[in-house]
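The same chain A turns up in both complexes below, where it pairs with chain B and then with chain C.
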Partner chain A sequence: MIERELLDFDNWSCPLPLRDNPTVVMGHGGGGQLSADLIKYLFLPAFDNPVLAQMGDAAVVTPGGPNGPRLAISTDSFTVTPLFFPGGDIGKLAVHGTVNDVAMVGARPLFLSVGFILEEGMPLDDLVRIAASMAAACRQAGVTIITGDTKVVDKGHGDGLYVNTTGIGLLATGLDISAGRARPGDVVIVSGDIGVHGIAILSIREGLQFETVVESDTAALHGLVAEMLDVTPDIHCLRDPTRGGLAAALNEIAAASSVGIELDETAVPVPPAVHAACEMLGLDPFYIANEGKLIAILPAEHAEAVLARMRAHPLGLRAAMVGTVKEAHPGMVVARTGIGGRRIVDMLVGEQLPRIC
Partner chain B sequence: MKYVDEYRDPAPVHAVIAQIRATVTRQWVLMEVCGGQTHNIIRHGIDQLLPPELELVHGPGCPVCVTPLELIDQALAIAGRPEVIFCSFGDMLRVPGSDTNLFRVKAEGGDVRVLYSPLDALEIAQQNPDREVVFFGVGFETTAPANAMAILQAHRLNITNFSVLVSHVRVPPAINALLSTPAIRVQAFLAAGHVCAVMGYWEYHPLAERFGVPIVVTGFEPLDIVRGILMAVQQLETGRTQVENAYVRTVTEAGNTPAQQVIEQVFQECDRKWRGIGEIPGSGWCVRPDFASFDAALRFDTGQITAHESPLCHAGEVLQGLLKPYQCPAFGTDCTPRTPLGAPMVSAEGACAAYHNYGRFDPTTSDK
Partner chain C sequence: MIERELLDFDNWSCPLPLRDNPTVVMGHGGGGQLSADLIKYLFLPAFDNPVLAQMGDAAVVTPGGPNGPRLAISTDSFTVTPLFFPGGDIGKLAVHGTVNDVAMVGARPLFLSVGFILEEGMPLDDLVRIAASMAAACRQAGVTIITGDTKVVDKGHGDGLYVNTTGIGLLATGLDISAGRARPGDVVIVSGDIGVHGIAILSIREGLQFETVVESDTAALHGLVAEMLDVTPDIHCLRDPTRGGLAAALNEIAAASSVGIELDETAVPVPPAVHAACEMLGLDPFYIANEGKLIAILPAEHAEAVLARMRAHPLGLRAAMVGTVKEAHPGMVVARTGIGGRRIVDMLVGEQLPRIC
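Here is the complex of A and B:
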């Protein structure tokens, strides 16, 4: 049990969510406010230390002293159902997800660990396919799996397979990329079409059919990041907008940097199938998960050159400038709508819920 | 996306707004009945583009919001039973009952599933013959045909482990009740386009006549909404009080007759309590006695349920257009989307949530 005194009651609205939810609810894993609360008010106070307080996609440490190499470390667990989906599978996702988290501080990913939690009764053929897919993803990304662990749980206690990966990368000197570095006047770039992974999973999970099969965008982004850093090391923030989508990632940056972010809604690339699915289900593409996209925030003077280089990379063909960082409305993301109005793009409380009609 | 993008094109929207500006000569209060319209008005920032003479108040057309607390408590009691698979539209999961919500029932072991159609619940019932499958049939006239169809199908296929907890409400009796309230400030209504797509708009003529209010059947995209507003304003400015259709691509006077027949076959009119408003005579549909075995309210004995609302919540006044969400003392403090005291803070279509999520920001201070 957590001590009440450890909790920071500032900025809380009553009744308190943790007290309100005496048990874990699905929203705690949704990447929205409930997830953020769990980290901020439960885990951070318990594990309190300066490295963790960086709160980046990856932690940066210098175990050899200030002049030693800088390492970026990140861990992620994968619980996706179904295990195989159009465009990928849980194994490929587990490699890409952690590689991307390491890449989002500007580091070059080198090594991965992998932990498998297998459910009794899972077909070994599936595990063979997943292992092969992970190996291929590692080869393509230039990373090596150097240690691992396997546990088996009773039938009914897992969803076939859960995977955890931890990644280690090397961070070049002179880079300082973190969510807290966005400055007024910076521009916001996304590397391509948003919402694709989330809709791919949703459509197969819910049996929704569209004219074309929507394939997950899962991909390792460190190559694209390297190209961008080659144009300028002066990139302020990088994020891969996974759970909670573009909205959660931008809200995190706005809060960490105490700046406002203004999006031009019409500039955000949303592919037709994602747009159609969202319209049908009453979902907002800004909140849908991506697995092969990044958001970059950088000084305006570098924007054109970085964009040009991104568009020359296969993972950045549809990169676009979608917004600007402002001094106004700190901590808040605001979208200028297609017809010229404005709306707040808030962080979701828990999971996005489809509307009734 | 076809049939969507052309109705979000800024040029025609601004042309209609210019027409509205040219037409308005004095203050008018309009109510958009449907929560879907409220959501889109705030989401696209349409209210910020209208002339200051026009005030939009947000009506009671959010099914999640007006579902009575007693019924939600009943749903929670049914969902918690071990033999039950409780199926619902996603919105309903976070709606607070007296003590808990469906999310927590799920966290505590209840089998609660989010579906997009009641017909999917039928399939689940067929796959799980040893379980009781209950669909939470909330909604206005829009969702009634599918719910009625699910019951008809279950009857035809002799599926005996399927039932629906029905909480259907109808728009015309609600407009009637609102207009009968002495405090009402609303001078014209934008009727809900999707409701009228099913029911037509023949039911609205007596309302327009009796109360002397313009009623304009209105769609949901920005261009649809501003067109509806323009037609209402034109009527107000010229003293007309008619039922007009601004959503001709979807709605006809008679509506969707086969859908109406399905509803008629399965449901009958009943009195219904609206959360935050109270009982409105003849404002609901419930299952006809011929189909009583599919009525979850009869099938499950949930005992006496006494619901208690939070005294801090002013949802009733908000839903009647007497109070703007931000005028409620609990708005944004005691009541947030994370910790909703009342249903309008839960659903994306709820007026309070729409304001909290999209409108909290003051557009006049943003251009630094």
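Here is the complex of A and C:
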């Protein structure tokens, strides 16, 4: 009773967005538990169908009939602010983000559609720069923008521009990569330093200065995935840990596969600048967004060979084995800490950094 | 010199958005000449490739190789305001709009992706209603939402929600429907009353009262297209005249095919309420957006049979032959008026009604 009085439950205000909020809150777009709830309780029941229910980074369909080619389709809207940041811009991000989602089922990305929502008053010069950046990213990734749309909203009802990209990729036969395929005994690999994109955005947005400029890691990962699949097609899960970071991606896999995941915290590559920024700001690098990194879960027997091939690729130089899949604590991600303890790496309810992609 | 002084060229202000504006203006999203300029001078050079350059309502690709199925892909972002209007809402519009773009190359729409950009503070109940409306529109149209994405932007940086849909359809062999295929001697058919969607939006937005409530004509047109193609696969052009109305769609065809188009103004079905609203507001129904109408251009020999089949379909009851394709005045649309004159039906520079879809 004393505690109740001290905490003043009747007049408290919660620092997290309330989960029973009657309106949209920022956390609904954060890639954490609120995003998951919105999908689970609002969109999935409304749009009920088995393809959507698989909830992969990309959906797999065979529009030409069962013997036709398998296509991977993914869509993503980009609302990052600011539009330009160290290492990239919203256009580059919009190409890489969707290319990566298509690549995370093992498909080769081929085509993109682009939808622009421009805000009245946006400098056309900025749009020119962003279009050029998208074109360069497409050329480098070997994808083609085949169709597009442009809308303009009144000044004050946008943020310069929002971009939607939808990607179409071709999926080779024999591949079956999805969040539900992690098995006890599998290993968890991360392709390199985590937290870089999020800290790059945060630093420019908040005007933070670090000893070195942190540049976004935004990159197209399908080349790296192709190398990995060349070692073995028996890769169980792939995810690019964007919103919600490593923690959200691994929690989604643990839940979808009904397995436990144990991380070795000290094995996860966190660059010094990200570490320093997180210490200073009270953030956890496991929850920071990445745009050029992937997580792979695969049988232990292939781990060394896949890691070796990854480290020979420019985007996998610092690839590392960071954990294992367990039968214990299904649906839960646990980290062994540097001092020998264990902590639960839960999914955030909302988000640490809004508007990161 | 006197005129120059009277007009005061040095201090004039132009009622139309300036074409050499250094920033984005509303007209860049209006489907008129400014939209066309943005695409022609900014996006096409940046994203240069032959599929995009065809500028159809949908792009046609064969991701499985030359012998694989032909797919039609189209993307559209929806920023209509208000979100709910007589006869529909933004969700229904987002399904129909993209289904129709896919149908306008003769393809059967199969799958949709959906990207939501939600504004912080939007009532979740509205989102529930919109999702339910999209689901119903999908069921009715026989398409499936296979993948999606949700972002949230800060209060004041959206308008409740924006929706992007990207559609994938299957294109039968032998069909070649595009804006560049109109030939002298072809006839122009419109599937019914024009101007209804635009006036419905305008009436609710501006609080205008007419004798009868004008309801949006939003509808999925692929069933009607299938009927038409069942009469003859030899249809040259199809367009759904949305932003920019009948005028923009016909001007695009005239330009792409290097032909002249002559309209019989009195043959174009304009419902009395649209006519009255346009008279009152000084608008031209040829420029008002439609969401459940199509224009078809086809050889004269098939016209009667196609028209008869259209009139037997609920969405083509008031289909009419409204013009012919000429060798004269290539790239230009001309209307014969009720009193025997002729007027040029040009493309607008900007738009009459912003944020119509």
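Here, the second predicted complex is superposed on the first by the 333 of 357 C-alpha atoms of A that agree within 3 Å, B and C clash if a C-alpha of one lies under 4 Å from a C-alpha of the other, contacts with A are read in each partner's own complex, and residues count from 1 in each chain.
FYI, a residue touches a chain if its C-beta (ideal position, glycine included) is under 8 Å from a C-beta of that chain, and two chains touch if they have at least 3 such contacts.
Just so it is clear, the model here is predicted, and its values are computed rather than measured.
Q: Give one of first, second, both or neither to describe whether A:332 is in contact with chain B, with chain C, with both, or with none.
A: First partner only, chain B.
Q: Looking only at contacts as defined up top, I'd like to know whether chain B or chain C touches more of chain A.
A: Result: the larger residue contact count on chain A belongs to C.
Q: Name the contact category of A:24: first (chain B only), second (chain C only), both, or neither.
A: Touch partners of A:24: chain B and chain C.
Q: First (chain B), second (chain C), both or neither: which does A:340 touch?
A: So A:340 only meets chain B here.
Q: Answer with first, second, both or neither: which of chain B and chain C does A:61 touch in the superposed model?
A: second
Q: Kindly classify A:86 by the partners it touches after superposition: chain B alone (first), chain C alone (second), both, or neither?
A: neither
Q: After lining up the shared chain so the two structures overlap, which partner does A:272 touch, if you call chain B first and chain C second: first, second, both or neither?
A: Touch status of A:272: first partner only.
Q: Just which bits of chain A does chain B share with chain C as contact spots?
A: 21, 23-27, 354-355
Q: Spell out the part of chain A that touches chain B in their complex, as residue ranges.
A: 13-15, 17, 20-21, 23-27, 33-34, 184, 206, 208, 260, 262, 272, 275-276, 279, 281-282, 326-329, 332, 334, 337-344, 346, 349-350, 353-357
Q: So in the complex, which bits of chain C are touching chain A?
A: 21-30, 35, 38-39, 42-43, 46-49, 51-52, 58-59, 61, 63-65, 68-69, 71, 73-79, 110-111, 113-125, 127-128, 131-132, 134-135, 138, 144-154, 156-159, 162, 164, 166, 168-170, 354-355
Q: Spell out the residues on chain B that touch chain A in their complex, using ranges where they run on.
A: Spelled out, the residues of chain B in touch with chain A are 1, 4, 8-10, 13-14, 36, 39, 42-49, 63-64, 89-94, 103-104, 106-108, 114, 116, 138-140, 142-143, 194, 222, 332-334, 336-339, 347-349, 356-361, 363, 365-368.
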